[in-house]
Amino acid sequence: MIGYIEDKDALLARLARIEGQVRGLARMVEGDAYCIEVLTQVSATTRALRSVALELLDDHLAHCVIEAVAAGGDQAQAKAREASAAIARLVKS
Amino acid sequence: MIGYIEDKDALLARLARIEGQVRGLARMVEGDAYCIEVLTQVSATTRALRSVALELLDDHLAHCVIEAVAAGGDQAQAKAREASAAIARLVKS
Amino acid sequence: MIGYIEDKDALLARLARIEGQVRGLARMVEGDAYCIEVLTQVSATTRALRSVALELLDDHLAHCVIEAVAAGGDQAQAKAREASAAIARLVKS
Amino acid sequence: MIGYIEDKDALLARLARIEGQVRGLARMVEGDAYCIEVLTQVSATTRALRSVALELLDDHLAHCVIEAVAAGGDQAQAKAREASAAIARLVKS
């Protein structure tokens, strides 16, 4: 039960781009780029990561949580609580 | 189907405290408090609001979303997408 | 040395609006509004508070920090560190 | 005038660790890791990036902004506004 399974290639492509953004940050620092320019790119990289997180969460709710509830049993509450805890970590990150 | 219905009194008490925090901010500004002290209290008020949002979301997932899925039909996906959109607004706020 | 002194009335008006938003949240909860609608308004209130924080910080940097540095002495580093700590609390709130 | 110049090696080491974290995310996705585990690691990576941003900002205020103000002239206000804009982008990221 993997929520992102249908979007796996797109997700890997996004992570590869984010890895490139982080390498770009290192190159900027190596080249003594101006602090504010580095900061602007750090913010852009953070936004890209947030966006990946929201996509993962969307897929997780729409697939894993719904399947767990539909399957019945006592898994449903556990899945909802687990998702809430992940959302709290995301909001506080 | 109201997720917070069992915690309604506690939720209203938290909102009353937050209203008091915002009034406290106005009193600080009226009294020409130092910027950094006002900022520290704005951050504390924001944290209190975030915490209310996470509680609302937790109750919503554990009650409304689970009930909608358990009731079957085509409501389940709509509920999951609606929750995702609310989470995205929260994360970006 | 109060950074927001020239914008004090506008700042108080914004805080009064935010207090109204929080009271509106309590009225929604009293009226058993749907969780997602309450959440949307909590996010709007959080955004309004963030915006006040950024305005306070902007005024603080442009007035208090600059005056402290211009006045010379060993206050400058202390002011910069104090502002950094307030920014960190804001980002984590 | 580069605020992070004295911490450049430490900063590059942190960015290399973050690059490793992003590569770790891709490996988790390739191995079909559970959504919540990927999300937890995305949140940890976001926190690490935030922490780099706060460090950059701290160095920028304590070095670049202070030097610009101390140098006098009309650069001071411009530097303060530029820092404010970067803080706003960071808070909204």
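In this document, chain identifiers A, B, C and D correspond to the written order of the chains, with residue numbering beginning at 1 in each.
FYI, a residue touches a chain if its C-beta (ideal position, glycine included) is under 8 Å from a C-beta of that chain, and two chains touch if they have at least 3 such contacts.
Model, not experiment: these values are computed from the prediction.
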Sorted by label, the chains bordering both subunit C and subunit D are none
Between subunit A and subunit D, what is the gap in Å from one C-alpha centre to the other? 18
So how far apart, in whole Å, are subunit B and subunit D when each is placed at the average of its C-alpha atoms? 28
Going by the contact rule already set, what residues in subunit B reach two or more other chains? 50, 53, 57, 83, 90, 92
Graph shape for the chains shown, where an edge means the two chains touch. Line, ring, star, complete, or other? ring
Can you check the complex and tell me which residues of subunit C touch subunit B? 1-5, 8, 11-12, 15-16, 18-19, 22-23, 25-26, 29-30, 32-36, 38-40, 42-47, 49-50, 52-53, 56-57, 59-60, 64, 82-83, 86, 89-90, 92-93
So in the complex, which bits of subunit A are touching subunit B? 50, 53-54, 57-58, 61-62, 65-66, 69-70, 72, 76-77, 80-81, 83-84, 87-88, 90-92
